[in-house]
């Protein structure tokens, strides 16, 4: 029963994601406008019913067992908010015109995609490792952001006189900086002075090296997780039969 | 005997790959048209004979031991299909004109390159690790694809009003998204609004961090594999003093 | 008390970093010129007081316990120099015109950002791993630099005749080289001869592979660190049966 | 004595690398032509004397102990060939005009840079790990090359009809392929058809994932190396004093 419901839910979430994506292609949207509208209506009804039912039964979970406060707590939980945001924009548009903000709110339905991954055993393992290494990973990203600010500030002062329109401010230079340090390199802006090029090269090497940190942290996290969850080896002496 | 045959096979597969590649260079193709045609004919005959022989002897393998169903099972196995696709396009063209689909089918011969790696001990190790960590690796790639969809959808709504011709739809934005998150960055499309640039930078950092997951998983997989296959440590029973 | 002071310090450092960044955006600077000047004045006074106080109490730390030499030693320590450079440019500009060098000196305040990370436990772990693996990491970067020199020199001799204005010298080619090996690839210069393209492809594969070295080193460093700092396993003596 | 000689050698090798690099910058070369020529002469004499001395004493090493065959063996060893190539081009030019091939031969002096790393303890560790994991690393690179061939062949057939001048042949497409899979992405060529873009995105994800393999292999190699070289722990029971 539960399996059938979950499979149905995964199918509808996936179809919703596909509909949201294809809906933006003008030629497809024009051809299947009716289909998109009907599927939207069906989805909203389905998700509304699901939302109401979850709100009804959530008191059985001991985290939300109080009939009033438990349900209010559920409404403001992460799951509750995402579920609400998936249906809210539709009802909002019944009373309002089609605003840009509504379209973006609609995107929250896509976050439901991640629910699909919950049914996998590997999800638990990856989550455990990431939670366990949370502090180191946050610090690594903080390092990256700090180095980005420092690198961009220095390169701004070096390149601004040579290219005042392109390296126009530190925030503008940070767009270059993040693409240099993550090695994206769109080519829309890059240093042209010798010192700027030298610093740009350093930034790329530094960036790639900094991203070695989270990789190393995650690798050791997985190794640790495996060791911690392995059944401890029991030794039994084959000569006298005793365990130790 | 087996060694000589395998070396011959590797040589012919390698020469085939080179022929397929060079065949597309107009100047080389014009000069050596005859050679390419003759080598093609020779290869097809060689691979046809090999295919028939393998089909003949496959019943000796206990997976395919039934004289009729075993052979049919072999025909529809991964190896059997690749082997068939390597020779099929040639015979197809005897009766049909040179269609685009035939040229693509011909490419299947290149997949034979991977056979070469089977003869390496390291192949077994890498395969073991990848199979062992299959679930985590698939989930990592799923995460990457989900984040790609979410990032592209958000950036589409942010950049579409500023660059309606470039960020024309979510699928079009996904081309930017995949190149941002994998840090390719061709430069043919990139956000120009401040919010779009901020999201673009986030996407690059997120992408590089997400690709730390498979690396960490594989690293711990290799470490685990080594520990599992190491020569077992000699134990001495503390009760009776004998080694085992 | 100490916590309140540290939080105040972190807030002021962060606001300073934001001010330095936004100060360079012409439209924001014009609108809030007064605010920036006042905050600058406040920051300088705050950091000056902090600097004098730290200099006053540094003798309590046993590294700087001598009343005169200890304080001089503190002034020339890494922390002392950064703290001095954060306030020096302001006093310098009271007597001099606004030179470019002063603006760059002012950036040193941004380095104070890293102080924020000191309050994290993870900082100690990451620092331990990096210090422990210092020699291997320096050697990895040395390898990268050497390969960069070699690759750029060879590609210069190959591409110079075809693109004399773009690949104009080895230092100019090194700008291409560092962006090829770190996979940034701005697209402002790239080889066009077949041999140059082949070498360019090799450089990208080599670069990515070389950056696998520091990642692997850091990963094993973290794994080692975890093992060394784990709660020691309880041992039971097999001779007398007691735990220890 | 040996230390002084090694430091002198490292200095001269480093200065040589700098000279080779700066020599190609027209403005610097014009200004210091005399200096470059004199330093070149000095280097050649120094390296010639070093080469003759090494050839003289190499018989003391037991690998080359035979007075005649040992010296011949040394001449054709890796070190011997690099040392010879570092001085040979100079003598060659005494009798020949300044050919392009001579300039490239001169670059072999740059390979001497790697000698510098030999004096580091970390070099031995990194070398051990790379030699130990040789087979897996070679296979990883082989996978990358095979996937590059397959991806480029498929994308050629997909993109050739749309961009016949850019995706003109499989070798030309491989230049795109290697830059897509290593995520360099110069932007000089990229797919424009929907299917080509889809395959291009797959290629980038596949490429980054494949480069996770060598990283994982190296990480586990370092971990293994550390474990193998740690002094085994001796346990001594604190109650009865016996070791076990």
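Labels for the chains are A, B, C and D, by order of writing; each one numbers its residues from 1.
FYI, a contact is a pair of C-beta atoms (placed from the backbone, for glycine too) under 8 Å apart; a residue touches a chain by one contact, two chains touch by 3 or more.
Since this is a predicted model, take the numbers as computed values, not measurements.
J.: Measuring centre to centre with C-alpha atoms, which chain is farthest from chain A?
T.: Comparing chain centres, D lies farthest from chain A.
J.: Note whether the interface between chain C and chain D is symmetric in residue numbering, meaning over half of all numbers used appear on both sides, and answer same or different.
T.: Different residues, largely: of all residue numbers at this interface, under half are found in both copies.
J.: Please report how far chain B has to rotate so that its Cα atoms sit on those of chain D, a copy of the same sequence, as a value between 0 and 180° in steps of 5.
T.: The rotation relating chain B to chain D comes to 90 degrees.
J.: Could you tell me the distance, in whole angstrom, between the mean C-alpha positions of chain C and chain D?
T.: It comes to 27 Å between the two C-alpha centres.
J.: On a C-alpha centroid basis, what's the spacing between chain A and chain D, in Å?
T.: The answer is 39 Å.
J.: For chain A, give me the residues that contact two or more of the other chains.
T.: Residues 171, 174, 179, 183-187, 215-217, 219-220, 223, 244 of chain A touch two or more partner chains.
J.: Looking at the complex, which residues from chain D come into contact with chain A?
T.: 183, 185-187, 215-216, 219, 223
J.: Going by the contact rule at the top, pick out the chain B residues touching chain D in the complex.
T.: Where chain B meets chain D, its residues are 17, 20-26, 100, 103-104, 107, 110-111, 113-114, 117, 120-123, 125-126, 129, 141, 144, 171, 174-175, 178-179, 182-188, 211, 214-223, 225-226, 238.
J.: Within their complex, state which residues of chain A touch chain C.
T.: Going by the criterion above, the answer is residues 135-136, 138-140, 142-143, 146, 149-150, 153-154, 156-157, 160-161, 168-172, 174, 179-180, 183-187, 190, 194, 197, 200-201, 204-205, 207-209, 212-213, 215-217, 219-220, 223-224, 244.
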